[in-house]
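One chain, chain A, appears in both complexes that follow, with chain B as partner in the first and chain C in the second.
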Partner chain A sequence: MARINPDFTEELRDYGAFDPNACYNCGNCTAVCTLSDEDNSFPRTMVRVSVLGLEDEIKSSLDPWLCYYCGECSTTCPREADPGELMMSLRRYLIAKYDWTGLSGLLYKSLTASIIAFLGLAALVIWFGYSESFNLEVIMPQGHLFEMLAIGSVFTIILLPNIIHMWWLSMYKPGVKASIGLYFKALGDLIVHMFTQKRTLGCDDNQFRWFEHFILVLGYLSLLFTTVFLNWFETHNLFIIILGYVESAIIFVVTFDFVKSRIQKNKEISKHSQPSDWLFVIWLLLMGLTAFIVRLFIDLDVLENNSWMYFVHLIVLVQWSLIIVPFGKWSHFLYRSFAMYFQKIKELAV
Partner chain B sequence: MMQENIKTLEYDVLVVGGGIAGGESALNLANLGYKVLLVEKELSIGGKMILLSKVFPTLDCAACITTPKVSEIARHPNITVFTGAEPLKISKKGEHKFDALVLQKPRYVDVDACTGCQLCEEACPVSVSDEYQYGLVGRKAAYIPFSIASPRAAAIDIESCILCGACEKVCPPNCIDFTQTEIKYLVKIKSVITATGFKLFDPLKIPRYGYEKYKNVITSMQMERELAPTRPFNTVLRPGDGKMPDNIAYVLCTGSRDKSVGNPICSQICCMYSIKQAQLLMGALPMADVTIYYLHIRAFGKGFNEFYGQAQDMGVEFMKGKVGKITEKENGNLILRYEDIEAGVVKEAEHDMVVLSVGILPNLGMEEVFDNERLKLDPFNFIDQADILASPAKTSIEGVFVSGTASGPMDIPDSILSGGAASAEATSYLRKENTI
Partner chain C sequence: MKNKIGVYVCHCGGNISDYVDVEKVRKAVENDEGVYLAKTTMFACADSNQKEMVDDIKDQGLDGVVVASCSPKLHLLTFRAVTERAGLNKYNYVHANIREQVSWAHSDDKLGATEKAIKIVKATIAKVRNSEALEPIKVKSIKAVAVIGAGVAGMRAAIELAEAGSEVFLIEREFFVGGRVAQWDNLFVSEETGKELVTRLYDEVMRHRHVTLFTGAEVIENSGNVGNFKLKVKITPRHFKLSCAQGELQKAIDVCPVVVPDEFNFNITTRKAIYHNYPSEYPQLPAVDMKNCTRCGECEKVCNGVDFSQQTEYLNINVGSVLLATGFDPYEPKKGEFGYGEINNVVTLQQFKRIVHYCDDKLMYNGKEVKNIAYIYCVGSRQVDGENKYCSRYCCTATIHAAIDVKKKFKKVHNFHFNRGIRTYGKQEVLYDESSRLGDIYLQSFEHDPPKVERVGDETIVRIKDVLTKDKELEVVADLVVLVTGMVPRKDNSIGNLLKVPKGRDKFFNEIHMKLRPVETVIDGVTIAGASQGPKNIMESMNSALSAATKSFSLINSGELALEPTVAMVDENACDYCGKCEEACPYSAFEKVEKSGKFIVKVNSTVCKGCGMCLPVCPTNAINLIGLTDVDMENMIDALVPQV
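Up next is the complex of A and B:
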């Protein structure tokens, strides 16, 4: 027996949902959605469970991850209930629920907490620089070491347990019976979705956005690889140097376009921006831009006299990898891919 | 300003709009002895009702109710009818004193002399879309608006006319007169009734339903014409290829209860006229399936719910879910995508004809005609009823009354009731003059 919770929409509003109570259940949103199909009909069902406050159903659902927010449901909603933004808010809600530390929820709901966290980490980096007398010879290898440690620890301590938690909520608890073999069989889907996000192409008007997103993901992942494993900042290999320039340029050019459309609000998807959305695109832009400039300063031989530039980059990097990646919008990338993976397993198991 | 062409006329009441509500108001007032001027912008009185097939929930023939009323209005000694005319300006000069400037547009036909023989129609070489058949067929530039029009006289559509003179040559009573010009009248009246009716929602505003792009997607008013006794094809056909449809879908709430197209309110008639048409289709095409896609069925009037039940018993299928989009197949059939709300599953269904049950929108314009007092509109741009419960026909101007759908969506029985209420309130207003 489900227990309804009318106060739930109030909680959801903290994550950005517009007005799900305006919904009169006509199903227009589900019918116009090109990604919705007989097995996964959304978003109306998600609006319904949100209005009723059936939290267990929401936590076990993978549907919010199947939506790529083309915004068609919101522009055609007869009640202006904004189902597209509701799906986005449910994704934020789910990120908060998957996260065992509870920090995601805190950072999503409270802008003050986010600001304190960002300022705190910046202060920490400056203090560290001060303690090493701002000597780049010492600090740059330390920064490189930090990158490697951060990747390993964020993944093992935060993200991996959260994915297991997600699996527990969406697969184990609802009683999905799938053999280990199916988990291997569906592995291809996980890889493909993670690197191509090809499902976006199912949205009617999303071809260009998919392309932007696709090269951004490629640029980001390869820059990560280039800086961490090929040690871009300290290498003398011309090929790697140029590769890093191209990758970081892709990141700040594409994210510049994302920031621009969020400012102009000309597309349905960019009409509503939560602090978490701004932080994500701006910090990604800063990541690409500062990395590009740092390497440029190295090549022009001016970094010695402008060591502040490296600190700007390091601050952005630390904030990015310790806040946005584990607790912010970055984790979308991971959860969405795993949602597709789990969904595929569910389909195979039937 | 050419003051010399303005003729002065005097009446007790000016009724603006000659539909079923305005007609009812005019008849009641005339029967009480008041002199009424009925001004209608179309070429015939009878409004939208005269074009309908049957009425719900009794399935009486709409024309059989409207035509006797229309004849009575046309012949009543106390009623003067101007068709093809509209008020340009109405000024209130004091209580029981209004001056109206009425424009009579030229018809290019002497209505009194025309016998309605239709020879001009045969002679005219110009074919255009017939607005009185809602674009289903064509008409000539010299034409009788429709077979049961009142007055049943020809008119020249001067916009489409090529001035060849063919109609003039064949007209037996020589009633075609291309020298007619606009005439303005200054009408002195004591009270005004606005019965300006409604307009239908234009489904082009919802491109995902493909109206006009897909030929077999029509509006409910077009289906109404296909079902009427004076129908153009004498049977029900789909416009794309003239095939008799056997699987018809109705899309309710097209342009009603939809904030995304700017009309958040219920049109009050679409559920019932769709159910009525479904029943008529069951009779006209006994092998056809009819499915009505609805949000909620609002069968609130006397006998309405029974009428809804009757449609279900006849085999009309009711599917809860708003149609999200329509796509066309190569053979002209249409795929409707909707969510089956009961099951919570998105589905697609194929139909060979789709009827968009279009909603009601306000007919704007009257608020600009009153020049020294403000005719208030309600939040949805219908004429505001100043005292909706106690005196529903009163508007924001003392002595100006509202009749029928000019004040909001309503069905035919309610429109006639409203027309009656407006005439009663106008009467009591007129009586006050004598007691002062």
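Up next is the complex of A and C:
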């Protein structure tokens, strides 16, 4: 027995949902979706439970993560209820619900809160630079140290508990019975999905999008590795230097294309952009671009006279790693991979 | 006795001649007594053959014609017309069916089929040998129509008839016109109120001096038939000779000590024994409800319009046709049906509309503010176990329209529609769209698993297994449960009984043919309009009112009616009145009369349909059917069974 909550769609609108009430349950969206199958039938069911406000159903569902938003459902919908954007909103909603700090929800719902957080962090970085007299020789190693600390703490304090919370909501609470063995057995799926996003290939005519996404993930992860563990900014190894250039270039070139299509709105997926979407693509672009320019300035030996460039990079880096990674759209990457993993376990457990 | 009979045996392409040897049939009958001419033809109904028949009849002076072909349902009238064109009385034509009854039925036995065809044609010839020329029965038709019921359908029909030039008697049982529509506030799609619609029609009715409106009036007797119905009308006085002076009426209502539930508001409010349903109601003269009035006389003291001396009047009117527009009753849920009558916040859609009408800034019911409204559809319609199998047509749209209205009036309200499939057909579909975009929630169940209404603590809960959510059991806490009740036939069927109008399986008045003759009944001269015939919305009622008016007018317009002469006829010498024929007659065409010192029955030939039900019950064999007499029958049997 579930009690209907008609106010829920109002809440969902804060996460970007368009007009789910327009739905008359024809099911065209589910029929046209190439990823939906008999066992995991979506998006109509998700539209339905959203309209009815069955929050427990939504919280325990992994279906929103199984969708890669090709947008076919929204194009086909005779009522313009925009099921694709609803699935996207449900992912934002789920991130907010998984997050034990509650900050995700706040940042998604309130643009003001996001701006305050971004400005606050920028001010903090500038204050730090000021306290160190903007001396790059002191600050750059500190920046490198921050990167390592941020990765470790964001993961252990925020992301790991959130993933456990996700597991609790989607596996434990609904009573999925799976042995430890199955968790090991399905581990391969986690890794494959995390690095390849191969499920996107199931969407129609999305090969190019998949490719862009794939090299972006590779570029991003390897740049992370190159800067953090190979200390790109301070190395003299030519191979590493060039590798860093290539990786950062991949990031800003691909994200530039993403930003462009969000502006042009020529694809279903890029039609609706929430602040969180803009922040993600722009900040990723800035990450690649500023890293590239900083290293260029180092190689041209002009960084000391232009230390502001490093501060720009550091501000972007801090905002990225403390806001977008733990609470923003970056976490999609992680939750989606784990959703795929949990889904596999569920299938194996049956 | 005919001696120049023409016989035509049809091939029907091959439909007949593939199994029946038509040439053999022709030869077998060509020498029969009275047969002058016998032919075979490829298609008897073809224009060329019809022309040949006309020429044969004229040139050879034929006095009887037989065509052996298909079923008389298909071409009897065709060949009757042929004989008429040739100047021969059409009753001298007799049809033989050798296709449906012979070639198609016996395609496995060609010899047998031919033999059977020969017998049938011989029998037909035997009948035509004695045929007589008959003339249609002519009756005078009074150029006046009685329209029963002054709801929207009745008023619309009355206007149409008056405009066409008929005298109209508009007879309304209540003291006020407008019927069910007057009780309805906003109407869907056209966005008028029922009162506005009624006002417009009433104004138009009053403009026509050929319409006479009777209120508080009921037809209590009927004799006569099409062309001349003699109706006796009982007129109950409203006990108001004129309206009260300004302000006095309210005083009269105030002093009246009698308080009764107000049926106009579906009993959600009360009224006094002096009443009018709403201030601008027509006729604009209040009425005294004598069933509840205690005759205390208080009202007389404050208003001199009150007149208790008025008496019941009886009026006899003669009309050529009667148009029934008696409307419907809303379905009254049984006690306990979805909590009705047991849980105090369960109401009907009709009541709900009145509740919304009477609330201003907040939607209140039983002293509580209403936020969640659950509408349960198809209550009393499309019943699985009950008798009402039909869909009431108007209710899906009316409910959604009411839900939109209430949501617009009281923003905080949530609407939940517990339906069995939404039928907002045609242009009304836009309402469904509007309502779902406003956030109304639709939940659907199958007929065998209806929603349940329960009282748990101080909450009323509606539960459903929702088809649209994988049959998941869902619940809503409802502040008000609205039962969407459909239409049922009027409880009081006295006028139907009086006119002997048959009812369909759904107990509404029945038309002759749903598609081809949708407003006529088997009772000649009685037409039906509006929801008396079955559930209809206002637009559909108007359509049927206009066509019923046209049909009624066509019966009275020429002042004379031509009826089929093939009716029953009584041999006055043989009849010793026993009454058995009267019992058997479904049309009440017999009348007991005294003639030459004894009682006999007399046939009212304008009422008789020639069905023949009376023939076999008559112990003295005094009744014959014109056009199919006992002699005809015997002749045909003799032809079919030759004496050995």
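Operating definition for what follows: the second predicted complex is superposed on the first by the 350 of 350 C-alpha atoms of A that agree within 3 Å, B and C clash if a C-alpha of one lies under 4 Å from a C-alpha of the other, contacts with A are read in each partner's own complex, and residues count from 1 in each chain.
Keep this in mind: a residue touches a chain if its C-beta (ideal position, glycine included) is under 8 Å from a C-beta of that chain, and two chains touch if they have at least 3 such contacts.
All values reported here derive from a predicted model rather than from experimental measurement.
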Q: Using the superposition on chain A, decide if chain B and chain C clash or fit.
A: fit
Q. So, A:P78: does it touch chain B (first), chain C (second), both, or neither?
A. first
Q) Angle chain B-chain A-chain C between C-alpha centres, in steps of 10 degrees? A) 30
Q: Applying the touch criterion given at the start, work out whether A:L52 contacts chain B, chain C, both or neither, answering first, second, both or neither.
A: second
Q.
In the overlaid three-chain picture, which partner chain does A:S36 touch, first (chain B) or second (chain C), both, or neither?
A. first
Q: For A:E347, decide between first (touching chain B), second (touching chain C), both and neither.
A: neither
Q | chain B versus chain C as contact partner of A:Y24, first or second or both or neither | A | both
(Q) For the three-chain arrangement built by superposition, which of chain B and chain C touches the greater number of chain A residues? (A) B
Q) Taking the superposition as given, does A:I4 touch the first partner, chain B, the second, chain C, both, or neither? A) second
Q: Minimum C-alpha distance between chain B and chain C after superposition, to be given in whole Å.
A: 5
Q: Go through chain A and flag every residue that touches chain B in one model and chain C in the other.
A: 24-25, 45, 48
(Q) Considering only the defined contacts, which chain A positions touch chain C in the complex? (A) 1-4, 6, 9, 19, 21-25, 45, 48-49, 51-52, 54
**Q.** Sites on chain A touched by chain B in the complex
**A.** 24-33, 36-38, 41, 44-45, 48, 75-80
Q. If you look only at chain C, which of its residues touch chain A in the complex?
A. 414, 416, 432-433, 436-442, 463, 468-470, 472-477
**Q.** Touching residues (chain side chain B, partner chain A) in the complex
**A.** 208, 253, 257-260, 295-296, 321-325, 337-341, 344-347
